[in-house]
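Two complexes, one shared chain (chain A), two partners (chain B, chain C).
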Partner chain A sequence: MDADKPVMVPPVAGKPASWTLRVRQAITRGLPMDHFLPDRQPYYVGSWVYVFGVVTLAALAWVIVSGVALSFMGPQWWHDSSVGRFFNSLHFWSVQLFFIFMVLHLWGQYFMAGWRHGRAATWMIGVVIFGISILTAFTGYLSQQNFDAQFIALNAKDAMNGSGVGAFFNVLNFGQMYGLHVMLLPIGVTFLVVVHVVMIRMRGVVKPIDTEGVAR
Partner chain B sequence: MDSPASYFHWGFILISMPNLLVIAGMIVLFATALIVPFPHGKEGADGRR
Partner chain C sequence: MKQSIAETQEEYYRGVRMVPYDLLKELVVALVGVGVLTAGLAAIFSSPDVPPVTIAAWAQNDPVDFVTTATGELAGTTTSAGYGNPYNTNGPGQKWGPIAPQAWFGTRIPIDSASTFVIQPLQRAGVGNADLSAALTAWQAAKADQQTTWLDTYTKALATATVKDGKVSVDAGDYGPVPVMMSSLLGVAQSGGLDGLLVIEGRFYQTDYTQALVFMGDGGYLAGLAQQANLTGSQWGMMNETGSYPGQTWLWLYTMWYQVFPFNSTDGILGLNAGNADLGIILLMTVLTIALALVPLIPILRDIPRWVPIHRLIWRGYYAPKRAGA
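And then the complex of A and B:
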């Protein structure tokens, strides 16, 4: 008999009562698997301009990997040992590549008006990622544990106080800057990058302007 | 490496040479990406590659 089989509740017509079913149906509608992991792209995607975003993601992966190693081993390691200095440099240069290719990606999306046809939120999330990344890089300079970090903090404090944020964003407070740099801001960047990529997967790459006459 | 960077000064524009070189390199890379042809795979029946 079928006594060992689980008893399933029969589906009910109309809006499902189960929230898990509603979420699953919404995901299936909005992000089918052939959109999530496509094996083919439209012809117009065949340009090196579309590679800039992927290189930015690759640089971010190296930033995270090297950053995890640095935070685990600590400042003495990244200043005094040769392997630590290598990881310190890896972190620094992958951040340089991250910013360079993020800006090249921004230029590409700006000139192809990547916000068209319901992609405004994708564009705006990219803008927010850019802003948080700058803040993350700034707190990174303050977290180096060297004279450069002290010099930058002492000079930046007046700008922060002058802009009115000094009361809750104290660049002389190393613990606060380090916590922001290794925890809250990277989580923000990584989370928004995942949302950004999923939104691109949902809607696909924007069509070139000349395929539709005048851009909307 | 320990000496201060030299600066490019033209009218109201004042920028260090390292920053100027990075920006110039980015512009060259962007233009190259537009010009250099991208290797295409075989076209499918739906016109996608």
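And then the complex of A and C:
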């Protein structure tokens, strides 16, 4: 008997015992590569409305790239250096574009009733991304270390305190706002965007609304 | 038609004509296009960066407002002195019926306005200053009634105060140690010392500007600058920013509620009014956000896209052959 020779375990009917194999099979089943990176789409996917989703992703990529540069160089950089100011401007305008594209994407999906045929969770995660993005931008405005940040913080504190949120989310505390802005909230947005995109690729784009097409 | 969880894309698209598509090319073109657009906007329009206001600038440019505010902190008449939680228990806080989260979470960021903004900074800055030490001793030894009398008369005198060489002068009167205390605090502030004293709080590293900002918020100087820059609440508040930049336009719905009934009304309706507008609007926006997330489950809201023929513009290629064949 050759003890060094690997022994192949024959496949067993039903669910495999290996957790790794189960996960791999689930991924392969749920998101095969030709769905993840498709080279064909239904013929009705031709409107400019479909572009709003991908340009939102592109704007988010530039938000992250410019944000990483700003966070690496530190808070004084964007005030004291012309290069830092330019990167601050890149961050500022990519955020503006991100929101414009995201709102257009949201309205587009609403009038296409994009949640139909089992896609409600994709819509709901999109709304959560929208909400967390607003919070991320808000903490960004509070982290600017300029007059706008002072004014916004002083105004926002009453809304936060009046709702009880201010006891834990102190908009006058630069350290807390900066930490949330550069770390926790971007991780939340990025993670949910990945989930959102994977769900879209798993299910594919929704069909047009038919006469019998109840918006569910 | 409802796509089941188990239904594959192949089953869902059965009978639908598929056409070539290049997802990665579309993504790269979008990245380049948005990158060029962003760089162009950044190069042409830059971004807002008006320097922050310091307590030193406030004390130098508007010493009467500074001294009036500091006197108000001692008297307990400023916004922060009567704010309530999370800073202190001197105000009831906002509530709507039994919903009172401002009170529920207690005093988590304690601020005693008189002590925090006036007495403690003077004690720290007054080491070796015999006049100031004597004034502080006299202040703390005086009864509350006496303190109130000094503050009342001094506050009234400040209405006709004059400024010379950065010093605030009032008509002669019995103000006790208050003028010496205020003169000292103004001097510390004008030198920039108060900016540091309110931030450092006995530590070396510090990133919390709560005390300094609350103190400036009690005064009229920063609010006046905001008014000049068209930033204030009646002009849709914090969604604005300095210059001609777009600001946080995505907060338009939130800030809109402050401009309309019942949140701009003293009396309001159903207990909602300007007095608890912050709480009411946060609750309302929470409900609206949840409703937006649940649109797929809410009748009428989920049916509007079927009734409004915008989808026929979006998918006009899909609907056109049907019309032609009809």
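By definition in this document, the second predicted complex is superposed on the first by the 201 of 216 C-alpha atoms of A that agree within 3 Å, B and C clash if a C-alpha of one lies under 4 Å from a C-alpha of the other, contacts with A are read in each partner's own complex, and residues count from 1 in each chain.
By our rule, contacts are C-beta pairs under 8 Å (C-beta built on N, C-alpha and C of every residue); 3 or more make two chains touch, one makes a residue touch a chain.
Not measured: the values here are computed from a predicted model.
Participant: Just checking: does A:41 make contact with chain B only, chain C only, both, or neither of them? Give me first, second, both or neither.
Facilitator: both
Participant: Between chain B (first) and chain C (second), which does A:104 come into contact with in this model arrangement: first, second, both, or neither?
Facilitator: first
Participant: A:49 in the overlay: touching chain B, chain C, both, or neither? Say first, second, both or neither.
Facilitator: both
Participant: Report for A:178: first if it touches chain B alone, second if chain C alone, otherwise both or neither.
Facilitator: In the superposed model, A:178 contacts chain C only, not chain B.
Participant: After lining up the shared chain so the two structures overlap, which partner does A:77 touch, if you call chain B first and chain C second: first, second, both or neither?
Facilitator: After superposition on chain A, A:77 lies in contact with neither partner.
Participant: Of chain B and chain C, which one touches more of chain A's residues?
Facilitator: Touching more residues of chain A than the other partner does is C.
Participant: What residues on chain A does chain C touch that chain B touches too?
Facilitator: On chain A, the overlap between the chain B and chain C contacts is residues 40-43, 46-47, 49, 51, 103, 108.
Participant: Per the contact definition, I'd like the list of chain B residues that touch chain A in the complex.
Facilitator: Interface residues on the chain B side: 22, 26, 29-30, 32-34, 36, 38, 40, 43-44, 46-49.
Participant: Spell out the part of chain A that touches chain B in their complex, as residue ranges.
Facilitator: Of all residues in chain A, those touching chain B are 40-43, 46-49, 51-52, 100, 103-104, 107-108.
Participant: Name, in rising order, each residue of chain C that touches chain A in their complex.
Facilitator: So the residues of chain C in touch with chain A come to 1-5, 7, 9, 12-13, 16-24, 26-27, 30-31, 33-35, 37-39, 41-43, 45-53, 83, 85-86, 93-94, 101-102, 104-106, 108-109, 207-210, 213-214, 216-217, 222, 225-226, 229, 231, 233, 237-238, 241-242, 245-246, 248-251, 276-279, 281-283, 289, 292-297, 302-306, 308, 310-311, 313-319.
Participant: Tell me, which parts of chain A touch chain C in their complex?
Facilitator: 35, 37-47, 49, 51, 54-55, 57-59, 61-62, 78-79, 85-86, 88-94, 96-97, 99, 103, 108, 110-113, 115-120, 123-124, 127-128, 131, 134, 137-138, 141, 144-159, 161-168, 170, 172-176, 178, 203-204, 207-210, 212-216
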